[in-house]
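Please find one structure pasted underneath; my questions will follow.
Read from first to last, the chains carry the letters A, B, C, D, E, F and G; within each, the first residue is number 1.
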Amino acid sequence: MPLLLAVVIGGLYATALYLILRRSIVKLLIGLALLTNAANLLIFTSAGLTRATAPIVPLGSDRPPAPFADPLAQAMILTAIVIGFGVLAFMVVLVHRAVQAVGTDDLDDLKATDT
Amino acid sequence: MNLFLLGTLLVPLLTGIACLLAWRRRTTQRGLGLAGATAHFGATLGLLWTVASDGIQTAQIGAWPAPFGITIVADLFSAIMAVVAGMMGLAVTVYSLGSMDARREEYGYYPLFHVLLLGVSGAFLAGDIFNLYVWFEVMLIASFALLVLGGERAQIEGAIKYVTLNLISSAFFLTAVGILYGMTGTLNMADLARALSRTAAPGLVTTVGLLFLVAFGIKAATFPLFFWLPASYHTPPVATSAIFAGLLTKVGVYALIRVFTLLFVQDPGFIHTLILVIAGLTMATGVLGAVAQNEFRRILAFHIVSQIGYMIMGLGLFTPLGLAGSIFYITHHIIVKTNLFLISGIAYRLRGTYVLKDLGGLYRTQPALALLFLVPAFSLAGVPPLSGFAAKLSLVQAGLAGQQYAVVATALAVGLLTLFSMTKIWAEAFWKGDTGESAATPRPGSAAGVRPRGLTSMFMPVVVLAAVTVAIGLAAQPLFTLTWRAAEQLLDPTAYINAVLGSPR
Amino acid sequence: MSGTGPLLAAVSNVVLAMLTSTLLLALVRLVRGPSLPDRVVALDLIALTVVGFVAVYEIRTAQPVLLDAAIVLALIGFLSTVAFARYLERGARR
Amino acid sequence: MTVAVLSGFVLALAAPWLVRATGRAAGWVTALLPLALTVYFGSLLGQIGAGDALNVTHSWIPALGMQFSLYLDGLGLLFALLICGIGTLIFIYSGGYLPNDPHLGRFLSMLLLFMGAMLGLVLADNVIVLFVFWELTSISSYFLIGFQHSRPEARAAALQALLVTGVGGVALLLGVLLLGQVGGSLELSTLLGRGNEIRAHPLYLPILVLVLLGAFTKSAQVPFHFWLPAAMEAPTPVSAYLHSATMVKAGVYLLARMSPILGGTDPWVALVTTVGAVTMLAGGTLALLRTDLKQILAYTTVAALGTLTMLLGMGTADAARACMTFLLAHAFYKGALFLGAGSLEHGAGSRDVDHLGGLWRTMPLTTAAAGLAALALAGFGPVLSFIGKELLLEAVLAQSPTRALLAPAVLAGSALSVAAAAIVGLRPFAGTRPDELSDAQEAPASLWLGPVVLAAGGVVLGLRPEILAEPIVTASAASVLTRREVADLALWHGPNPALAFSGASLVLGLLVYRAWPTIRRSAAARTWWLSWGGPSRWYELGLQALSWLAESQTRLLQSGYLRLYLIMILITANGLAAYALLARVRWQPIVLQPAVQLHDAFIGALILLGALAAAGSASRLGAVAALGVVGAGISLVYISFGAPDLAMTQFLVEAFTVILLVLAFYHLPRFARLSGRTARLRDVVIAGVSGTLVAALVLLTTTARRDSRIAEYFAEHSVAAAHGRNIVNVILVDFRSLDTLGEITVLATAAIGVYVLLRLRPEKGSTP
Amino acid sequence: MTEWVTALLLLLGGAFILLAGIGILRMPDVYTRMQPATKAATLGVGCLLLAVAVHFDDLGIRTRALAAIAFVLLTAPVAAHMIGRAAYIVGVPLWEGTIVDELRGQYDVRAGVLRSRATRGSGTPAAGGE
Amino acid sequence: MRSLILRTAARLLLPLLLLFSVFLLIRGHNEPGGGFAAGLVASAAFALHAFAEGLPQTRRMIRVDPISLLGAGLLVTAAGGVAGVLAGQPFLTGQWVSLAPVGLGHVDIGTPVVFDVGVYLVVVGAVLTIIFTIMEEA
Amino acid sequence: MRVFLWNLLLALTWTAVTGRFTLSNLALGFALGYLALRFSGLVGRAAYGSRIRRVIEFLLFYFWELLLANLRVAYDVLTPRHHMRPGILAIPLDARTDGEIAILANLITLTPGTLSLDVSDDRQVLYIHATYVDEVEAFRQRLKEKLERRVLEVTR
C-alpha cells in the first residue's frame, strides 16, 4: 500500500506543480488546491498506514483498541485542511480580482510590479 | 508560568480580537492598536529581561507535558527577535496613526496588523515544528490581507506572486514536517533534536533538512528563491511595506537558524557549506538587483534580499562568532530597514512619488529628514560606527577565522555596493535640486509650506529608530554580549532541550 | 477488518470493487463531458457512490462511527451540484 | 587624548547652533577648538620628541577585539599637529569663505567631524578603530566634496571619491583583520613588535596587497589618483585641508605606520617605490595640462603624495627623515597655495591661470603668501621644503640598487614641480592685469590670514628647523624606523650631489615653464588617449559595467514571469533533493504493508486520473469537477485507513471549495492554451522529477518510521484526563489547542482578506 | 440469517450502483444519463445503508442509517432536478431519438420566467453552457 | 431564476442541517465531528438557503453580520484559554465541571468544549463571510 | 398543531441521530428543533397530517414502482441496443402547495425513467423528462393517476 500511495502522492505533486507552472492563472489556482491535498495525503501516508480502527475510544473503555490509526497525524491534517481552505479562498478571490484588474487570465500579463 | 512569555503571544491575539470586535469603528481601533502594540512591546521586553537573567523560559500549553503538548519556549535568540518585533510593531503602529488612510483603517488594518504580530511572535516562540507551521500560516495570511488592503492594481499583481510563491514554500514546509513526523513520530523540536541525533537514517535527515532549507529559503528570500519579495514589497501602503520589510523575511531567517542549529546538525560539512554559498550568492544578486532600480522602495526591497545573505552567512559559518554576528545583524537590519521604509513614506508624503528621478530637494527643505535618512542608510551599508558596521564586522571576523575568504570578500564588496546604492538615493532624493516634475502630483496639502497631516507621528518612530541605530552602533557591546550568549545557546542546544524536556536521567 | 465473518468480508470485497469501478466509470464521463451538466451528473454520482462506500466499509470494519461521515456527505454532497446548476443558469441569463 | 579625539565630534553636533548664535564670527569661534588642540599636542612635543609614546585604552566592543585605544608616538604627533594646526587656519578661513551660505553650519559641522575622524585615525592604536576613523574621513570627504550639491559634477565627484576610497577601505579592513589574525593582536603598538613573524607568514603577501590598496586609494596613487582632481569640486578650504594637507596623507600615514610591520621586504620596496615614483611623475606631468589653479595644485599634490610614498617604499633612515620633513613642508606650502587660490577666486572671481594676471598690486598679501608657497613648491629658498627636497635627493642618491632608476625620476619630478610652481606663483600675479579683473580686491583678514601664516610658517621652519621640525621629524621617523636617529635638519648642507641635482631640476623646470604654452597645445591634441584609456575612464566603464551587470541580472532573475520564478525554485529543490537522495541516502528495502486490495488500486487510479483530468481539462468547471473527484478519492483513502474525521472534513471542505471556485469562476475567462509545446514538455519534466522525488521520499520515510509515543500518550490520556473519546478532536481542542487557535485565526483572517479584497476598491489617487 | 440479508443487500446495492456507473457512460444524452445516475445510485446507496441498519444490532445505528437513507432520498432528486433544469436552460441538446419536447419555448431566460403550456410564448432556450 | 423544488427542499433542509451541525458539535468530543465540521455543516445550511432564496433573504434571516461572528468566536476560544491562566495554570489548560442535570445523566462541561464552540462560531463566520461576499460580487 | 408535529418530528430525528432514546434527549431535541424552526422562519408553514396508514400504503406502492422501473433501466443499460423513446412532457398539476408539488416532483424524479425538470411559475404545469414514452397522452394520464393522486391522498 505505501508503494501505491507513494505513486499516487508523487503523481498528485507532479500534476499540481505542472498546473502551477501554466500561464493560466485559473490553472494555477487548481494546482494550488491539488497541492494542499497532496501534502495532506503525504502526511497521512508517512505517519504510517493501519487498516484499522479510527482513534476513537469505545464507550465505556478508556483507550482505543490497538491497533488504531495515528490520531496526531490526523489532527495535523485537519489543521492543514482548514488552513489550506482559508488560504485557497483568499487566493480564489485574489485571482478573481487580478483578472478583473488586468483583464486577462494570462499570468504573463502580470509583470508590471517587477522590473 | 512566565506571564511575559504568554503576553508576547496573548497581547497581539487579544488586541486583534478586540480590534475585530470594533470592526469599522476607526477611532476605537486606533486606540486599541496603539495600546496593544505598546503592551506587546512591554511584554517582549519583560521576556528578554527574564530570559537574560533567569535562562530559557518554557510553557506547556494546556499543561500537557512536553513532548506531548505544545511547548512555547523562549531562549535568548527567540527573546531578542521578539523584542525587535515588538519594537517594530510599536514604531509602525505610531507611524500608521499618521500615515494610514481612513478607509484602510476602517477595513481591518489594525486587526490584520496584530494578527501579523501574533504570527510573528508565535513563530519566534514555537517549540513545536507543526506549531511553527501554523504560526507561519497565521503570519502569511495576515500579510496577504495587508498586502492587498486597498486593492490597487499594483497591489493585486504583486500579491499574486507573493501569495503563490509563499504557498509553494508552505507546501514544502508541510511536506517536510510530514516526513519528519513520519520518521520520528514526534513534533516537539527538542524531542526531534534528540530523535534526530540518534537517527538510523542520516541521509534521509539531510534530505528533509534540504526541504526545510528550500521552504525557509523562500520565506527568507534567499538566492535563488527570493523573487516574491522584489515583486511585491513596494506595492502596499508604506507602513505595511515597512513592517513586512522588518519582520517577514526575518521569520524565515529565524526558522533557518533554529532548525539548522537544533535539528539538522548531522551533516554541517554539506548543509552549512551550502548555506554559506547561498549566503554569498544572495548578497550579490540582491545588491545587484538594487543597483538596477530607480525607485526608492524597490531599491530598499532588493536590499532586503542582499542583507538576508549576511544573516545566513553566520549560520553557514556555524561558529559562535558567526551566529552572534547573524543575530546582531538581524536585529540591526530589522530596525534599520523598517526605518528606511518609513522614511521613504515621509518622502512620498512630501513629494508624492517614490521615483528617484522625480524626487529631489529634500536636503534643502527637510534637513532633519535628510539626517534621519543618513543614519539608517549608512548603517545599512555598514559604515562605522553605526550598527551595521559592528554587525558586518563580526561576520567578517568569523568568516576570516573560518578561512572562508570568498564569502568575506563578497560580504565586503556587497557592503560597498550597498553604500553606492544608498548614496544614489541620497544624491537623487536629497542632494539633487527640486525637479520640475516632482511637483507634478503633490499630495493634497503637501504644497510648499503646509505640513501634511500626520507628519509628527510619522517622524516620531523614525527619530527613535535612528537613535537606536546610533546607540547600538556606538555601544554595541551590550547587544553583542547578548547575541553572543544567544549564539552559544544555539550551538549547544543541550540547555534548550533540557529546558523543554527536563534533564535526561 | 475486525468483526466480520468470511461471508461479509468476501461480499464486501466484491461490492467495494463494484463501487470503485463505478467511480472510475463516472470519472470517464466526467472527463468526456461533453457538456458541463454531464460532468456535474458524474460528480453527483461519485458523491453518492462514496456514501455507499462508507456504508460498506462500516460493515466491513465494524466501525459504526463512519456513519456520521456518510450522513454529512449525504446532506451536503448535493450542495456543490446546486452550486454548479446555479452557475450554469446565471451564465445562460447573461 | 580621548577627549581631544572626541571633542571634534561633539562640537560637530553643536556647530549648526553655534553658527546661528555667532553669525559671521562662527569660523573664528570654531577655530578655538583646533587651536586648543594644537596647543595641547604642542605641549606633548617635548615628551614625545624624546622618544616616549602615550597609550590610552577604553573598552568598546571587546567581543570583536575592538577597544577604543589610542597611541601617540612621533608619527601620530606629527599628524595630530598638522591636523589641528592647519585645521585652526582652515576654520577661520571657512568662516570668511562662506560668510552668507545658509549651510555654513552644516559645513563647519562636517569639517569638525572630519577633523575628529582624522585625529582618531592617526592616533588609533586599535586597527579596527583606525579603520572606523578611516571610513569616517571618507564619508565626511563625500559630504564636503558634494557640498555644492545642486551641481551634478559635485555629486559625481563626491561619489567617485567615496567609491574609490571605499574600495580601498574594504581592502584595508580585510588587510588589518588578517593582520590581526596573523599577528595575534589588533593593537598597532603590539603589532609593531611582531613584524618578523608577520612578514614570514603565508598570508603576508595578501595582507600587504590589501593594506597597500587602502593606502594607495586614499593617497591618490596611480592608478587611483583620478578622484583627487575631481574632488576639487569641493569648496577651497576643503581642498586645502582634506585633499591636500591631511586626509590624502592618511595613506602615507598608513604606509609609515605599517613600515615596521610590513615594510622592508622585496615586494614592499618594489610595489611602494614604483607606485610612488610613477605617481610622482604622472602628477607632475598632468599638472601641466591644466589651467585651473586648483586642478594644477591637485595634481602637484598627487605628485607630492607619490614622492612621499616612494620614500616610504625605500625604507632607509634617510628616506624616512626626508619623508617626514617633506610631509611637513608640503602641508604648509600646499595649504597656503590652496587657500591662496581660494582667496584669488574670492577676490578676482576666477581660478583659471589664463584669465588671471597682474594681481600683485591689488592683492599684495595674497601675492606674498602665494609667492613664498610657490617657492616652497619649487623646493627653493629659505623654506622647509628645500630641506625636505635636499633630504629626498640625498636619500635617493644614497640608495644604491635603485638609484639608477629613481634618480632620473626624482630629477624629472622636481623639475615638473618647479614648472608648476612657476605657473601658480607667477602667472596670476605677475604681468598685466586683464580688464575683467579690474574690480579685484584683497581678501578679508580671515581669507589672507591662512595663506600668510602657512607660507610664513614654511619659512620659519626652514630657517630654524631645530625649533619644531627636528623633534618632530626625529620622533616620527623613529616611528617608521623603529629606531631613533636624530635628524639633523639644516638649510645649508654645503655643496653635495644633491645640491647639484637640485640645480639641474631648477633649470629643467624653468625650461619646461618656458615651453608650457607649447606643451599644453601639443598635449591638448594628444590627451584623447587619456580620456579613453585613463583610469577615470576605467572608473566610468566600471560603473557602466556594474549597471549593465545589475540590469541584465535583474532582467534574467526578476523577469516578472511567475512561472520562471517557480521553475527556478523547483529546479533548486529538485536538484538538492535529488543530490541528497542519490548521494547521501542509504536505501533500504521499502515497506509494502498493508497489502493493496483491488478497490485500493481503483481508488488510487481514481485520484491519479482525476488529477490528470484536472490538469488536462479544457474547461474550467470541468477541472473543478475533476478536483472534486480527487477530493472524493482522498476521502476514500481516509475512510479506508481509520480517519472518519478527516474524511468528513475533506468532504465538507471539498464541497465548499467547489462552491467557491464555481462562484468565482463565474467571472473568469475560459481556459486558453497559452503555453507552447516546448514549454509544456519542459514543465512536464520538471513536475515529473518533483513528483518522483516526493514519491521516493515517502517510500523512504516508511523504512525509517517508528511508532509515535506521542500518539500513544494521547490514546492513554484522552478519556482519563481530557474527558473525550474522539482522540483526534481532543487533540484539536485540548492537547494541541494552540494549533487550532492559530488555524481558526488563519480562517478568520482569510475571511477578512476576502472581504477587503472585494469590498475595498481603490479610490482615485490614494495609496499613502 | 442477518448476515445473509446483509450480504444480499450489499450485493444489490453494489449492483445498482455499478449499473448507474455503466448507465452514465452508455446513455446518449445528459437527460437519459441522469436516469441511472440518480435513480439506480440512490436505490443502491439506499440498499447499502439498509444493509448497515440490518447488520448492526443497535438502535442508534439503525435509526441513523435510516436517517441517512432519508437524507439521500431527499437530496438526490433535488440535485437531479437542478442539473436537468440547468442543462435545459443552457441548451444541452436532447438525443436525436427524443420524440417530444413540450418545454421548448417555455423558458424566458432573460426575465427568469417559466411559462405553463397555457401561456406558451415564443421564448427560446439560451445557447451556451461551458 | 428560483426553483420551487429547491426552495421547498431547502426549507426542510435548513433546520435539519442546523440541527445536525449542533449534533456534530456536541458529539465531536466523543465521536467524529467537532467544531470545524459542525461549523461547515451550519454554513452549508445557510449557503443552501442563499442559493434557494437569494442572498438578501438569507442575510435578513440570519440578522447578524457574519464578520461579527469572527471576533466573537475568537473571543470565546481565547476566553476558554485564559480561564486556565486565571486559575493559575498554563494557557488553554482545560477546566472541567461535572454536571448532573435532571434527566440528562452525567455531563462533563469543560473549557475545551467552549473552545470548540468558539471554533464553530469562527468557522461559520468565516465561511459565510467568504461565501456571501463572493455571492454579492457575482 | 402543525408546528408541534414538525417540532416532534425534528425531536425524533434528533434522538434517532444521536442514538440515545432517553426522555431528556428527546426534550433536548425538541428544544433544539424549536429553536431551529424559529430561526429558519418555518414556524406556521408546515402542512402534515398524521395519516400514517396511507403513508405506509403509499410507500409500499412507491418502492414497488421503484424496483420495477429500476429493472427496466437496468435492462436498457445492460443490453446493447437502446429501447428508449424519451421526451419532455408537461404534466398539468392538481397539487397546489409548495410541499405537495415538491414531494410529487421528487417522487417523479426518484422513479427511474422520469425526471422532474421544472415547475412553471404559475404552478400549473410540471415539466418532466421521461425515457419510455410509448404514447404521450397515455403516459401523462398514467402519471397523474398513479402518482399524483396517491400523493395528494397522503398529503391532504
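Throughout what follows, contacts are C-beta pairs under 8 Å (C-beta built on N, C-alpha and C of every residue); 3 or more make two chains touch, one makes a residue touch a chain.
Here the structure is a predicted model, which is why all the values come from computation and not from measurement.
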{"item": "Path length in the contact graph (chain D to chain G, fewest steps)", "value": "2"}
{"item": "Number of hops, chain C to chain D, where each hop joins two touching chains", "value": "1"}
{"item": "Contact-richer chain pair (by C-beta pairs counted) among A-D and C-E", "value": "A-D"}
{"item": "Centre-to-centre distance between chain B and chain A (centres being mean Cα positions), rounded to whole Å", "value": "28"}
{"item": "Chain centre separation (chain B, chain C; CA means) in Å", "value": "48"}
{"item": "Approximate Å spacing (C-alpha centroids) for the pair chain B, chain F", "value": "37"}
{"item": "Between chain F and chain D, distance of the C-alpha-averaged centres to the nearest whole Å", "value": "62"}
{"item": "Numbers and ranges of chain G residues touching at least 2 other chains", "value": "13, 17-18, 105-106, 116, 118-119"}
{"item": "Set of chain D residues in contact with two or more other chains", "value": "554, 558, 560, 562, 566, 619-622, 640, 642, 644-645, 648-649, 652-653, 655-656, 659-660, 663-667, 694, 698, 701-702, 705, 707-708, 710-711, 714, 725-726, 728, 732, 734-755, 757-759"}
{"item": "Residues within chain A bordering two or more other chains", "value": "20, 28, 42, 45-48, 51, 53-54, 56, 59, 72-73, 76, 78-79, 82-83, 86-87, 89-90, 92-97, 107, 110-115"}
{"item": "In the complex with chain D, residue positions of chain C that touch it", "value": "13, 16-17, 19-21, 23-24, 27, 30-31, 33, 36, 39-40, 42-43, 46-47, 50, 53-54, 57, 61, 63, 65-66, 68-69, 72-73, 76-77, 79-80, 83-84, 86-87, 90-91"}
{"item": "Residues of chain G touching chain E in the complex", "value": "13, 15-21, 66-67, 69-70, 73-74, 77-78, 82, 84-90, 92, 105-107, 109-113, 115-122, 124-125, 127, 129, 131, 133, 136"}
{"item": "Chain A contact footprint on chain B (complex, rising order)", "value": "130, 134, 137, 140-141, 144-145, 148, 151, 153-154, 156-161, 163-164, 167-168, 170-171, 174-175, 177-179, 181-183, 187, 227, 230-232, 234-235, 289, 292-293, 298"}
{"item": "Touch list for chain C against partner chain A, complex", "value": "1-2, 61, 63, 65-66"}
{"item": "Chain C partner contacts - residues on chain A that touch it in the complex", "value": "51, 53-54, 56"}
